[in-house]
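Paired with chain B in one complex and with chain C in the other, chain A is shared by the two complexes that follow.
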Partner chain A sequence: MTRLLLLLALLAGGAGASNAQQLLDWSADEIASVGQHGPWPPPPVRDPSNRVSGMPAGILLGEHLFNDLRLSGDGRMSCATCHQAGRDWSDGLAKARGNVELDRRTPTLWNVGYLHWFGWDGAGDSLWAQSIRPLLDPREMNGGPARPATLLRSDAQLACGYGKAFGEKPGIDDEKLLVDTAKALAAFQATLVSPRTSFDDFRDALVAGDRDRAARYPLAAQRGLKLFIGSANCNLCHLGPRFTSGEFGDVGIPFFVRPGEVDTGRHGGLGRLAASPFNLLGKYNDDPTGASARRTRHVQRQHTNFGEFRVPGLRQVGRGGPYMHNGSVLTLEDVVKHYSEVSPDRLHSDGVPVVRPLALSKEQSADLVSFLRTLDTEVPPRPAAPPLCP
Partner chain B sequence: MRFVAALLAVVLASPAFADCPLDLGRGTGWVVFSNHYMLAFRSDPLRIETGEPFALVLNVCTKNGKPAELVAVDAQMPEHRHGMNYRPTIVGADNGRYRAEGLVFHMPGRWELTFDVRAGEETERLTHDIILK
Partner chain C sequence: MVVAAGIAPAGADELPIFDAHMHYSHDAWTVVPPKEVVEILKKAGVKRAMVSSSNNEGTKMLQDVAPNVIVPELRPYRSRGEIGTWAKDPTLIPFLQDLLSKRKYVAIGEFHIYGADADLPNMRKVVDLAKQYGLYLHSHSDADAVDRHFQQDPNAKVLWAHSGFERPEKVREMLRKYSTLWCDLAFLTSHANNGKVAPGWREAFMEFPDRFVVGTDTFTPERWHYVIEHARWSRQWLSDLPPDVARKIAYENGDRLFGNHAGAQR
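Presenting the complex of A and B:
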């Protein structure tokens, strides 16, 4: 018995020593950089441009509408057809499939409520404005502008849910009900916050100076993280707790969608934003201060926006894919390879390029992937939404 | 630091600049000056965060006492040779101050703020660097 206890003590001690050796040296600057990627989760979203944002009744109505096939023209497609809970709120396809195959990938909805530009080209300046687009787009749900209003007025459960969320019965103004539908959809989507990960545990321990807890983080991931915030400069764009600036960049993915046809990205998105009656400068913004429209008021369309796409957040990135705005890169390993070998000629930068070929070794590439995978975590199956008006 | 303080003291000793309110430059603000102009400003909010909109509250004066005007505010990252994705607008306030609204530094690194100031026909560009970590 004594021998057994001694053996256990030695094993425990050995494990402790081994753990202690598994923490790389982190400088004060590196710890500060890592610290900027947290804490996680952030406070819940409250969008002042959406009067039902953060309200339980608005969120519940939004969840029901999100799964409602009747919002599509042929009754066969809901928001959840492409943004599937079991596929990290995307569809696993290289290119989204609505009525037809589209030119871009279905973006995940994880942490979407914290963005300030929506869609790959940022044509939406609020989550609710962005939610209107697929409802109407003939290539996607093709619902038509009156369909949400008809549904809200005719379905007793939805009408009741609308009353609870918006404090009135669905009225006769179809466009207003279209916007309110989108606002409820946005309220629901903004609750989709990805869970904490092993990276978050490491980040918190490192910032707190808890070396033992920090040492539980895999060594390869630590090396990858050092690259991410160091020589690879990934955190120039993939910054903050969500690992994105929320802005746009050209990372060397070809513009052509078909021979002779290009995806103009942010350049086209800004044109659509300015033309939209649903942007934050319009009458449907519920924010009386106007502060929520600051970016929309000041954003400028520049020739450099051509071929730029929104920088995606990286939480749950390893569970997503294919990657890039057009799904042209299949795996996370291929993404790292892309940044390792991207052609500087294609990026035609005048100054020090933000994206440049990293020329990573095989080991460095593997470390970077190891780090990125620590931004993933398993998510329990989502229970069905409770009834709107039991 | 001593040199800057001494230079500021000399500049402030000139009669025209003595009337120039520089309270915006105190503490967390900045003061930029040339042979002809002095500009004091602070950001609102005081801490500039990467990717978050902010405004600048500014006061501009001339050395010879002529009224000065703030014409434009912009910012670039000289190393990367790109500017902001946003175009600030300037509004003059009753107290002689200006407010430049709608700036966003979307990347960490060195940002060069540029201020175009004018007194009569004479225009000049003042600059100030801010390092965002």
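Presenting the complex of A and C:
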């Protein structure tokens, strides 16, 4: 009955006879479910633990630092070396390449400001804390803890930009300047919001009852979307406007990194989070209320966390392969194949399984890929950042 | 990011562990060879491990390398893919009968069965076989299925995998109801946090100190590299219990129930 009423409502909303066959029958529940994947873009986010978050001067300083090779130990690597604007803020490689090849893929930075755990293992509880890790990691930029401070104090433009952002000259406390560097980097990264897509147009039209506009969305994508929110249950984890819960899961991807070694994923990440002097329970959290540290205070390590990795958002997903935390799945078609054929034996059996083999037909797999590709859109080249202190 | 296998062996003064929930299935054999498994157990301070494997050759491979450490369970799966089909597979019972006629086992399991499926002919026959051979049933199941096991054989010996993922109050209720029911704590974290035993579970351990065992549940090959960490974690929360209770749960119960069979007869 509900379905019929909704169909009538859609028809009354201006359905043209020529478009009637272009729009599948969407139930009220389905429309509600699709509606939860928007609107897009969401309002800008401000991180209370970072006093320059959302501040233009902090964002600008962060963009300059993001592209500054001098933050690395050998002067050959910046954040932008791996997180390339022209590659959807990743690098197109299966495994990230710093000083050495790493064990995980470079995650995209699109929409990163909306997360609450950072990195594939969630070892960071803020974007700024997460931004410290590659600066120091000997396998990545290997900059050393004093390098950002030296740079901020010695480079007149950066010192000026720092003054505008933080309201003071770079001081003598190297660790504070390391953290402030990361906070500026985070302020910049939080502005990287992926553009609207054809899915967003469809979603808005469907929710508004605009049948004509909704019918412009390809039928294959509509079928794929129905699977996504329906029998395939993808939206259990890939939920909301960003298509991610921001949490962690084991989706049956092997996590050996080499003989005798495994990537412990979330389990190890939580250990590193607890041990980090830069977590939100520490002295560098700028949030006087302490509310931003709530998750960190209460999160508990569980056996299930061993081998779990963060559920990635799906916006721009078709442009972002290879896939999974370790780049082990080459194409979007292969990702769908993985979920279609995943072995339940790799997943622990307790209660209703979150991941199960979907056993999709060839047509269903193609439809699902068609839908996922509507979450992509072309992005215009990014202009160079304006000078810090013209 | 990574955990290497190169961790020092557990200290001599550390509480030994009887790990009652391990698997060594076909996909683990080459990536974690038997000698590496034994080395991991040694480093973890696991004195004995009750192992079931899909297929059962994995258990035999470990027995060959460490006969005094490995306690064999007969798993009703020839590959891990049979987890959802075994209960209705007409070839299953002859397969089990064949292996039972050739090798000695301590238990049949771990098998997965829920609710009314526990009354299916295959499950009933497995209960019969356990009775015939004096074996434990290692049942990954809900409370309903456990009830059905005991309806079929009131004297059955059941090791309830994961304590059924039940609340401690329900676990206590079941333990009071059946004197030959034991519980493994594999894959559970609800009973302990930061080295402290959770309320509810503490009462369960104190009321039934002889009825619990620990287990890692190496259900994927990678999880063999969690055994050392899991043993360390177990010792941490066990130290929050009276020493005699901790010893029972850590290894005495496992030794008493299953341990004498290690390396006995193959």
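By our rule, the second predicted complex is superposed on the first by the 372 of 390 C-alpha atoms of A that agree within 3 Å, B and C clash if a C-alpha of one lies under 4 Å from a C-alpha of the other, contacts with A are read in each partner's own complex, and residues count from 1 in each chain.
Everything below uses one rule, namely that a contact is a pair of C-beta atoms (placed from the backbone, for glycine too) under 8 Å apart; a residue touches a chain by one contact, two chains touch by 3 or more.
None of these values were measured; they are calculated from a predicted model.
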item	value
Chain A as common anchor, with chain B and chain C clashing or fitting	fit
First (chain B), second (chain C), both or neither touched by A:E63	neither
Chain B versus chain C as contact partner of A:G268, first or second or both or neither	second
Touching partner for A:E247 - first (chain B), second (chain C), both, neither	first
Which partner reaches more residues of chain A (counting touched residues only), chain B or chain C	C
First, second, both or neither for A:R104, with chain B first and chain C second	second
First, second, both or neither for A:F256, with chain B first and chain C second	second
First (chain B), second (chain C), both or neither touched by A:D367	neither
Which of chain B and chain C A:T304 touches, first, second, both or neither	both
First (chain B), second (chain C), both or neither touched by A:D350	both
First (chain B), second (chain C), both or neither touched by A:D174	neither
Minimum distance between Cα atoms of chain B and chain C in the superposition (Å)	7
Footprint overlap on chain A, where chain B in one structure and chain C in the other make contact	300, 302, 304, 349-351
Touch list for chain A against partner chain B, complex	32, 235-237, 239-240, 245-248, 294-295, 297-300, 302, 304, 349-354
Chain C-touching residues of chain A, taken from the complex the two chains share	103-104, 121, 254-257, 259-264, 267-268, 300-304, 306-307, 343-346, 348-351
Residue ranges of chain B in contact with chain A within the complex	50-51, 53, 77-82, 85-89, 101-104, 106-109, 133
Residue numbers on chain C that touch chain A, as the complex places them	1-5, 25, 31, 36, 54, 79-81, 83-84, 112, 140, 162, 165, 187-189, 193-194, 217, 219-223, 225-226, 229-230
